[in-house]
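Notes for the one structure printed next.
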């Protein structure tokens, strides 16, 4: 029977993929994303952190793109291309981990707030709402400034300030799911809190969660770059710190457009890829949107 | 039924709004209280000795440092400092800036105007443009207008504010190639700002780029939100009814779809104000706009303990207040919840 | 000058004014502006940088060096009131008696016993002799205006025009935006040649460069190398590159102690050994640092903490003492001292207890320091020393490297005034933190009897040449003992528009500084190109163009949309 | 007055096509009430929406819809807008959704008057009051919002709205579904009374044959996008599907149905996967072999016509 | 089997008023008996059904199963729910769209830790008329027709081998042609397994189709109950009369005016009097507006709560 299950899963995935494939933008986002992630993962096979070492810069300072340095060099003669490549690891790592953190907090609190109707839910909701209205960038800025800007603290700062919208979404979904008659049926069958939360609510919010996490990664990457730009991040090379570098080293006034444009465009491309993917996932996976489209 | 019955039925509704507003206000007060408490402890976590940081490498004797510490009330035990802080905050006294040696409230007061001008203008433009375009896009999803709008907003949404600001500065203030740098490089007005209308123009000219930056990023969100909100309405039966009545397509959209779609957006519009404020920090830094964001950023860089605390408090509290207002406004606007 | 043909010069700065009250202000930019508004007792000579008369026409010292008498110049405040010794006495006494007034320049009156005035004669009695008396940084304030202020510590001094005795009067200050100064017609040296000086604040350094290139501003100082480089090739701009006031050095935790000689902090024991410090010194290629980190815009430091700008006081190593980049020698020193390399190539303490693994504390958000760290790491690796970089935000940095001594090696530096006493004092025993771990202001936790006695000697020595000799000995001591290792002296980098500024005199006149210099000379002697008019025409043209473009775009969009609408109306719903 | 000629509606769902209505022809005389029955998904609403070209863009409509001799499907948009509501108006199924939740019902009733320039200002107000009273609601209700009304009241408002422009034809798409028994009776009474008074033609759609039989003169039954039977509301059904549908609603007190619920075996057809031949064949209790191949058209037998081979015999 | 005594359920309503959705109900379902609970929308049918299952706590009164009163501890509730099961109106909604048919039916056995899950599931599906059961195991709800879904829901309930089935509008959302099949299934289960059932409906035809007894509810109270034939062919209570009269076939309609009443404001006296056609026609008695009626006992005999109906001889 398990093989049947497997075939079923495969078919379900096939159907999902068929739906997803129809979103051309989503697919192109996925492709960009896939390329970015794969490149980031295989980077250590080709280069190491050495490319971000100022001493090892081989080119001239702020040299325009050439055969040796296809995307030009930075203020220390390091190849912008290689730094972008290596820096993608930090940017993506921060994006993913911050989104993961925010998703975990958001999911747990969101489900709890939706599931427990009494004061537990009310208190969680209050706290969520409170966090929700905190201007998140400003709060992240303060947190990063206070905790010091290591990669871990940046992740925490972003994660801790961005979960409320996830929690809100999950709570709304939880409420929607719990209003469905099958919850009533499950209760009538004798189900408890844990059963309802894990068997019914979680699987039903999971797809949306996936979509919203994808969007969350996008905004985490942007936030990281903003924090880096505002100088609270003492990070290893990331796209944000590269932009900060280009700013500090006067790339703009020196006409080193490659140094400003490339990291920025990378951010835009990857963030957009995540966004497109997330939106496509949302339309494919969100039953409400799906029926609208039908 | 007679009209007395109607009054009977409406009385509790009005009562309901008041009660709702009161509940919301209570909630907001609670939130503000939480912010105040959280702020205090958050800033006590700051590494380093604020007084030493203040000295900024200038040489100070231990006596001087003690003096300074006493002046800032940092020599007292934490609970006492806490009580003092609460009392002070409740008296709307945000303390004295370490760096500027002036009451934080004064410093904020001097800069809040320019921030309001910038963010207010940006918000008005972003909201009106975003909502208008979102409504049109959502009305005919898949149309060319929709595709272009969505594409633009997705790109803008993905662009880091500061980067966009820098690019705009480099292109339109510095000038590149054939593009003349017609916009100023800094500030909210010229040093020799003329009086009268010319002065208004001067400020306007200074505002173009920072405003554009803020608008670009924020409006995309409004557009997307409004778009999906309108798409939600398009399938509704009352829209079909309106069309069946013989209304023109535009009228159906304007009179039926948009007013309904606007309701859920109200809350989101306000919710995003926090985002505008966040964006203002970077935009003000890039365009040297003399506002709160810049003050806050400076406070973080110094770091100026009280100033950071005060601006953070103010920003947060104002966002909370705005959100509460939004809730109440929503309540007034939507007849369904109004009398519920 | 006729209205509309005012000669205006605009200076760009990247720091905003913290307070217009000189008793409170601490920022550099504010100090520069005060220099233009208020008179001081003395001013560095524009050629030699030696103290020369400013508000004090002349002065005498008692033989024990404890009583100074200044003769205050017969001049007028900008509001027409006469300047008397009473103004100066009031200023100093205020600072001595009112804690609130100490914020800005408190330490300058620390050594004062009493200050009194008699007509134009000002008498200052000191607690101990002080050779640097003539470099007093306190602006003299008009008593008749300021004595009305109730609480100095809360006074923002935003009253215009200011009453001062310098070449300019502040007439307007917009917070975080600009300060507008007008020529002071009553200035005792005579009215400056331009009518108005604007100090314009940029939060974004890149924008200030753009501003200079565009002509929004006419002069900008304190540039960093890349921005300076980017001015190259602009025919209208003069790149001003001269010796600077600053020395950049490493601070080495050579066994930090408190002022009661108790060890403090967690410095690496190997650094207590002067041979290790010297070896490190040999392992630094200063020229390479200058080229790579400073873009060639600095001078490698073959001396100590006083830069060559101050010719009188600068000391340069020579002969056997002179340390030049030599990794072999560094290795040899360490080998000889018994620090053997382990299997991983890293040396250990002679007793084998610890590896030579040092932390290098730098600030967050400073690419120059990052880069420096990478180079040092590279070279130190060659001599079997591991260096790991530790980035700290500024308050934490100040605490760890100045009070708690939780560091091994840290980046450091100091901008030196014409009188070097302040920087010399940062290496005194007394500057170490107290037993309770407070206060101080040490830059090295240094406490060396030789250095101490030399310091006392130069303090009393009123003869400039003799004093300079003593000071050079102190520098030599620092060089050899190496509690700090000077790396280089960054150049002063500035830029100005020659189509706007006809002439400007640096200080010192020979290869000196403009904005970054001491005293008001550059901005007093400044001359504007005479074809000056208000630049409004240009910017208005831009505005009009912009508005026109906007209108065209809107009209086009509107036309397009209405057409579409009309078209769509009868087509399909 | 209304003639449907081979009306077809096909929804495009990406690559797939959903033939929701497959060639429906019928006529509705002036002043007549016609009931259209059929179970969910049989295409009833699609027919109703096609009459005024209100279908979503994904729908392809074929055939002709003649309203007073004019083909609605080929009309200019301007003309169509003029026809909408003034010649034919619609009462939708879900009254809670057919009204704009944020506008006062008075405004909504007056809206068609203004759009068709029939009345404005005070005149429109007067007309709104009049209409509300006609459907048995107090005039002050004009100032209420939809949510302040009960389901039955909202349905009355929808009816008042439909009457606003005094159309010759009212299409009522399941006007009583989701309403309570008693409220349903109230609304039906109102509809009956109004068409009798105003001589309006009525096309009423429902899945409940008994309700239709009660109000309408003639009944049409749809199955899988086709008309399978049309005839006077009184009398026996000929088509086995119509018969089964009728049997599904037992008469209380009829001993035959006591403790003997009756229904059809099998599932309603999926319009995307219709069997060949007679679409009803898989569920038909009396199917013949030939049903698998012949796609039976309406066969007239007396005053009724049914699409079943058995009818011809 | 299942018996409710003086049951009362309250909800916090608007403006602090409490809505008494169920306001004193005595009802029993005997072994192998099908009882229909009819009444118009909002009269409290669903609330009563939910309360009988222990999904809602009554504010007064009690529920007993086989004579033992219902205990609201988690354990005993769970045990109780093996005996009494629920079938809801909307089969699509009652099935988690992400669970296969197998998962849906196995959910109960899993919660209760029943052994031999697969055969239980197969058996339940077969009994609910989905044969062969294996063919349906891996299907998702959206791949089933409405009738099949409702059968799956019933199978899910049957998997726990309950004694009582509470069905809340079991066919209301099904196509007309399919409802007969489901009702037939309920009858068959009663006959084969001796299952008792409480069927909640507003459809009198349905009651006539399958119920042994009918209870007519109005505003939280049962106003008339008794054998189906008695109640539906010879209604006593004016409300029941009106309900039956608006059925399309009936000759003379009594259309009640006004809206379904509001459980937050229960009228004094007979709760039906504001809409009662007899009172409106002036044939009511003073008692109708002033004297509250007693709660009908849980007997199986025909009984009516009306001041104007002479008490039926209960002997």
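Letters A, B, C, D and E name the chains as they come in the text, with residue numbers starting at 1 for each one.
Following the convention adopted for this analysis, contacts are C-beta pairs under 8 Å (C-beta built on N, C-alpha and C of every residue); 3 or more make two chains touch, one makes a residue touch a chain.
None of the values given here were measured: they were computed from a predicted structure.
Colleague: Listed by label, which chains are in contact with subunit A and with subunit C?
Modeller: Where subunit A and subunit C share a partner, that partner set is B.
Colleague: Just the chain pair, please, that has the highest number of C-beta contacts.
Modeller: Ranked by contacting C-beta pairs, first place goes to B-C.
Colleague: Based on CA centres, what chain would you say lies at the far end from subunit D?
Modeller: Taking each chain's C-alpha mean as its centre, the farthest from subunit D is C.
Colleague: Based only on mean CA positions, could you tell me how far subunit A sits from subunit D in angstrom?
Modeller: 50
Colleague: So how far apart, in whole Å, are subunit A and subunit E when each is placed at the average of its C-alpha atoms?
Modeller: 49
Colleague: Multi-chain contacts in subunit C: which residues touch at least two other chains?
Modeller: In subunit C, residues 206, 210, 213, 393, 396, 569, 573 touch at least two other chains, as defined above.
Colleague: Of all residues in subunit A, which are in touch with two or more distinct other chains?
Modeller: Where subunit A meets two or more other chains at a single residue, that happens at 145, 148, 231-232, 247, 252-253.
Colleague: Contact residues on subunit A for subunit B in the complex?
Modeller: Touching subunit B: residues 126, 129-130, 132-139, 141-143, 145-148, 218, 222, 225-226, 229-232, 240, 243, 247, 252-253, 260, 264, 267-269, 271-272, 275-276, 279, 292 of subunit A.
Colleague: Per the contact definition, I'd like the list of subunit D residues that touch subunit B in the complex.
Modeller: Residues in contact with subunit B: 49, 52, 54, 81-86, 89-90, 92-94, 97-103, 111-112, 115-116, 138, 140, 145, 147-148, 161.
Colleague: Once bound in the complex, which stretches of subunit D touch subunit E?
Modeller: Its residues touching subunit E are 39-40, 150, 152-153, 180-186, 189, 207-211, 213-214, 241, 244-245, 247-254, 257-265, 267-268, 283.
Colleague: Can you list the subunit E residues touching subunit D in their complex?
Modeller: Subunit E reaches subunit D through residues 40-42, 145-148, 175-184, 187, 202, 204-206, 208-210, 228-229, 232-233, 242-244, 246-249, 253, 255-257, 259-260.
Colleague: Within the complex, which stretch of subunit B touches subunit A?
Modeller: Listed in rising order, the residues are 27, 30-31, 34-35, 42-43, 45-47, 154-155, 157-163, 166-167, 169-170, 174, 231-232, 235, 271, 274-275, 277-279, 281-282, 285, 296-297, 300-301, 303, 308, 312, 315-316, 319-320, 323.
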